[in-house]
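Each structure below is given as structure tokens.
One chain, chain A, appears in both complexes that follow, with chain B as partner in the first and chain C in the second.
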Partner chain A sequence: MKRPIMLSTGIAALAGLLMVDALPAQASPRAFVTNERDHTMSVVDMNTLKVIDTIKTGRRPRGIIASPDGKLIYVCASDDNRVEVYDAATLKLVKTLRSGPDPELFVLHPSGNPLYIANEDDNMVTVVNVENNDLVAEIPVGVEPEGMGISPDGKYMVNTSETTNMAHVVDTSNNEIIENILVDSRPRIAQFTEDGKQLWVSSEVGGTVAVIDPATWKIIKKISFKIPGVTDDAIQPVGVRVTKDGSKAFIALGPANRVAVVNAKTLEVEKYLLVGQRVWQLGFTPDEKFLLSTNGNSNDISVIDVANEKVTKSVTVGRLPWGVVVVP
Partner chain B sequence: MRWMASAAVAALIAAGIAMLAPLPARAQETGPATPSVASPPLTAKPAAAIAPAQTFHIGVVRQLPEPPPWIAPLQMPPDDLGIAGAELGIRDNLTSGRFLKLDYKLSTEIVPTDGDPLPVVQKLVEAGNGFILLDVPADQLLKIADAYKGQDVVFINVGATDDRLRQQDCRANVFHIAPSRAMLTDALAQFLVTKRWRNWFLMVGRTDGDKLYAEAVRRSAKKFGAKIVAEKEWDYGPDARATAQSEVPRGTQVGEYDLLIVADELGEFGDILPYNTWLSRPIAGTQGLMPLSWHPTMENWGASQLQSRFFKQSKRLMLPLDFQMWQGVFAVGSASLKTRDSAPAKVKAQLLSPDYDLPVFKGVAASFRDWDHQLRQPILLTHATNTVTLSPQAGFLHQTSPLDTLGFDRPESACKLQ
Partner chain C sequence: MPATRNSTPFRPLRLAVPLLLLSCAPGLAAAPTGGLWPCVQRKVPVLAAGQMWSGPSIENVNWQQDSDVAALVPVLVAQRTPIDDATEQVESFAQKAGAERKDRLTLLFAGVFDQINARRSRIMNGIERYSQHQIELSQRIKSESLELAKAKKAAQSDEDKAKAAELEQRLLWDTRIYDARNQAVTAVCESPVLLEQRAFSLARAIQNVME
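For the complex of A and B:
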């Protein structure tokens, strides 16, 4: 294969990797990044790693997820108190959904419906039917609900409340809270592993990630982080992603400007990857070859090579990039 | 109730959809038509339905301070100053505590300026309040603390900034949420030194509090390498509004300086200094750029959520004393989630445990210093319409916590807790 002379070696290698992987013709995975301060969403072509479009969204877009088929992009427009649904192919706004006040993060049932939304201002999780915008339930939770996770079988939804410092486990069959797990300060993200055997909860101010066993809802281990030259106060775990095979976890450490690589079997931290400033959320490409991090204060995303555990590139997006999702 | 859905529909949506996706539109159309008015809401059970396992009784005693000779229209203190913060703290505690069957009750007492808060405290303690928030003058606070020495009551100072309460007059049964004057002026000094505005002109008011504030300013100057190049006592009377334009320029001719620091805790003259000084110099201290625990313009790190909860509740902006009372009540609440036991001694031990932290919406967790029970937390530097920065400033290093660069660090502590 001839090397394109205009590209740097790094990009060429990356582009080469993606090409060799024989993706279906013209199906170039795209990353969608919400820019909280710009009220926009950047669309990044994952083959070229270029921003191909910037879409105007509602005010203060934060949480962003995709439908299971990758065809729809859901965005929390926090200051407009609504969820916006975009067509991932045409990039057009398809519809808006009710969200309850100040939606920040949300999670879709694995089937694609309903949508569980954390209402940060209202101590509530709002459950919405994405087909017809019906309000299914309002679940009272702790103070400042934030992180939202759902078990792969859809049986349990977990919400974290930032000021109550709990992970609330909700039985999705009746929307009742069945368990409250105290974790360290300012829990941000709840993420189940693909096999449903672990729940990871990051605590931003506490500086730890609790790994919880959903069989007992007890904490198996609290992972903490030490980085030479970085004060403990600056280590603020937020975004969490675990590979589908359950081998590696990546933890975004906020103002520490690093993503921790954790061996998900031993739960030991193995490495810290330097990324942009105030790294916030993470998102894998569908093939999990790459992980993207949103870096709020440097207004870019970092591209992490998952297998080699290396940061390969950063791409400038809008101001205060918050969340990211990649669709095929 | 803004919405109503039948149990059947909810169950279908929440659990059954996995099999049905994509959802046939018809199922949705027929679903809500089923009779549903009588079915219970599908939310979690209300807290009231559960008998609390433990109730935390928190009392608040606020002695009204001496009113200043005049009050600028924008500075008018609201009637429920502070108390509204305590009330929000109770709400937030209830929101968190109900998951563990914990309940919280607030009893509030206001004491007039010339009144004695001790009998009011006695009444609250007799009524079973094991935690008492105090916003009273330092002398009264000491009298109260000493009256309950060795008893199972925890006092939380949410108002008095006196340094001596953290130093030679510290008490084992008192925690300090209110920042000390030393913390406030250290926070300011760090910023001014960072800006290289090192030469200060200090203008001191007539009250005892002003003199103590000035004392703290002098201490901070020494600690961080600034210099007080001129110092004056304000002697233009309690209300110089009408004559400020002629008197202040004359009174501020003290030679060259970088910044005027004003010590005027009651707000008698500090606000008339800006733009009336002889030289065009900024003003900081009790007015101008102010070190504060909180301000309505604070919005980062989740602060806007607290501001918005407060506004929803009280239909006004959240002021420092509101925040300090919220912190006091929430400190008990956050400890209670770990103790699940309302015995004050247990809560006290939790407040002092190394893994205790209090959310303060300032980017880092706050906690209590074990040597003087002072809450260590970042301090805002704000003017009327903007929070400029938070101290500690970057670069002021500390071997354990940068927050301990503000106020009395362990080696400087003169406190012997008893």
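For the complex of A and C:
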């Protein structure tokens, strides 16, 4: 009698081993969140919504993006004046890149190279070749450059400058500024729609989001926000994300602790979702079923069900979560 | 920043300061506006319910009338209650709340919001008075050091010298007190932030059991 039991145990153990082996093949998407005050990056499994690892980064990690294939994670280590590149699978630091002083936000060319980095301290955008760390160019822009966006065809790079209150459009073929668009006070984020037909720019102090037509570089509409029970000065638009199909946009409203859901066709605000304290940046999962928001003061991220426009969960990460990116 | 905060030798004093501020706060006298606010955090005099609550309006609700709510609010608000315990208590309140569950949970939030806001205002007034005392102390240190310089220069007899030494001691003490208090400002300024975080966490816990 004993033998068959042992045998079946053996089979079960073997099956268990095989299952463990098979797990990575299910490949659950992972979110990477920079924690500005902890100098770390939290890794969240998007199936279980649990923090599976916390990686020590350079000091004051803020901007975070992924390579187009999702294999590399780029992090701005603002106080160490460098960009760190991590392997998204092994979570190991692969290399560091030059960044210019105080890098905050950056954007990769859609081809995956070069990297455009805003240097808040010296009014420049630094362009770096991610393969060999060569300095490709330094583009002088407005005072306190911040938000970085790039058109899907890679032809235009847009930088916002906090103090000049402008979005500067740069032709990436010669790195020259071709247009300066005046927006409301302290522009933070520049985000092109997937079809390249619109550019959205959020203004933190102005409390608005400008939707710009890249054919003319004129503002089509300025979206403003009103939330019952919240004072206007607490409404500070920062993070902006638009779905690939161009139907919905989500705007993080800072200390209003809400994410606005905007109908991207009519440009009307439809809903305000209560997330966490001082909501800052946003990031979709690759399938766009979920949107994550980083909430700096409640030290967590909120998971938003995109189709149902509902907050489904919050996940505690490190202190002062700043940016987020999700890879397959 | 946080690393230096933990390593300073003034920790016991700092912990005591918020309590001190509370105990000596004379009600809700309007805080003088202007240059007294010593914190890097922007001064937001009162919290807005809309920043943490998307449920029914809490205007003109009398939460004290519901005796269960009135009993639970101080427990939830107290900082010694860990937030996980507070969340459990909210959940068990919701289970027993009966048919008017939604209304009673709204009352519960109204109570929590009310109490935390009041406590926060008292602390903020205290911070400004603290700042006022520091300004006065710095002025005293300035005049003491002038007096000392003068006394040292003029000191001839042993008696004069002893007097100058005494002045020097007093100046030293005042400077020490000033420095210790100044270092404590960072910790003191965290108190309103911590209270806002607590209000938000409790609001979230209550809203989670509203559906």
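The criterion applied here is as follows: the second predicted complex is superposed on the first by the 303 of 328 C-alpha atoms of A that agree within 3 Å, B and C clash if a C-alpha of one lies under 4 Å from a C-alpha of the other, contacts with A are read in each partner's own complex, and residues count from 1 in each chain.
Please note the rule applied: a residue touches a chain if its C-beta (ideal position, glycine included) is under 8 Å from a C-beta of that chain, and two chains touch if they have at least 3 such contacts.
The model shown is predicted, which means the values in this text are computed figures rather than measured ones.
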Chain A as common anchor, with chain B and chain C clashing or fitting: clash
Chain B or chain C, by number of chain A residues touched: B
Partner chain in contact with A:Thr231 - chain B first, chain C second, else both or neither: both
Touching partner for A:Asn81 - first (chain B), second (chain C), both, neither: neither
Partner chain in contact with A:Thr96 - chain B first, chain C second, else both or neither: neither
Partner chain in contact with A:Ser28 - chain B first, chain C second, else both or neither: neither
Partner chain in contact with A:Thr243 - chain B first, chain C second, else both or neither: neither
Which superposed partner A:Ser314 touches (first chain B, second chain C, both, neither): second
First, second, both or neither for A:Asn47, with chain B first and chain C second: neither
Which superposed partner A:Asn297 touches (first chain B, second chain C, both, neither): second
Segment of chain B that clashes with chain C, given the candidates 165-173, 327-335 or 381-389: 381-389
Common interface residues of chain A - those touching chain B in one complex and chain C in the other: 231, 255
Footprint of chain B on chain A - complex, ascending: 102, 109-114, 120-121, 123, 127, 129, 131-132, 134-140, 142-144, 153-155, 161-166, 168, 170, 172-177, 180, 182, 185-186, 205-206, 231, 233, 255
Chain A-facing residues of chain C, complex: 1-2, 48-54, 57, 193, 196-197, 200-201, 204, 207
Interfacial residue positions of chain B with respect to chain A in the complex: 2-3, 5, 7, 9-11, 13-15, 17-23, 25, 28, 32, 41-46, 92, 95-96, 99-100, 302, 305, 308-309, 312, 334, 337-338, 357, 359, 363-365, 401-402
Residues of chain A touching chain C in the complex: 37, 227-231, 234, 255-257, 272, 274, 276-277, 297-298, 314, 319
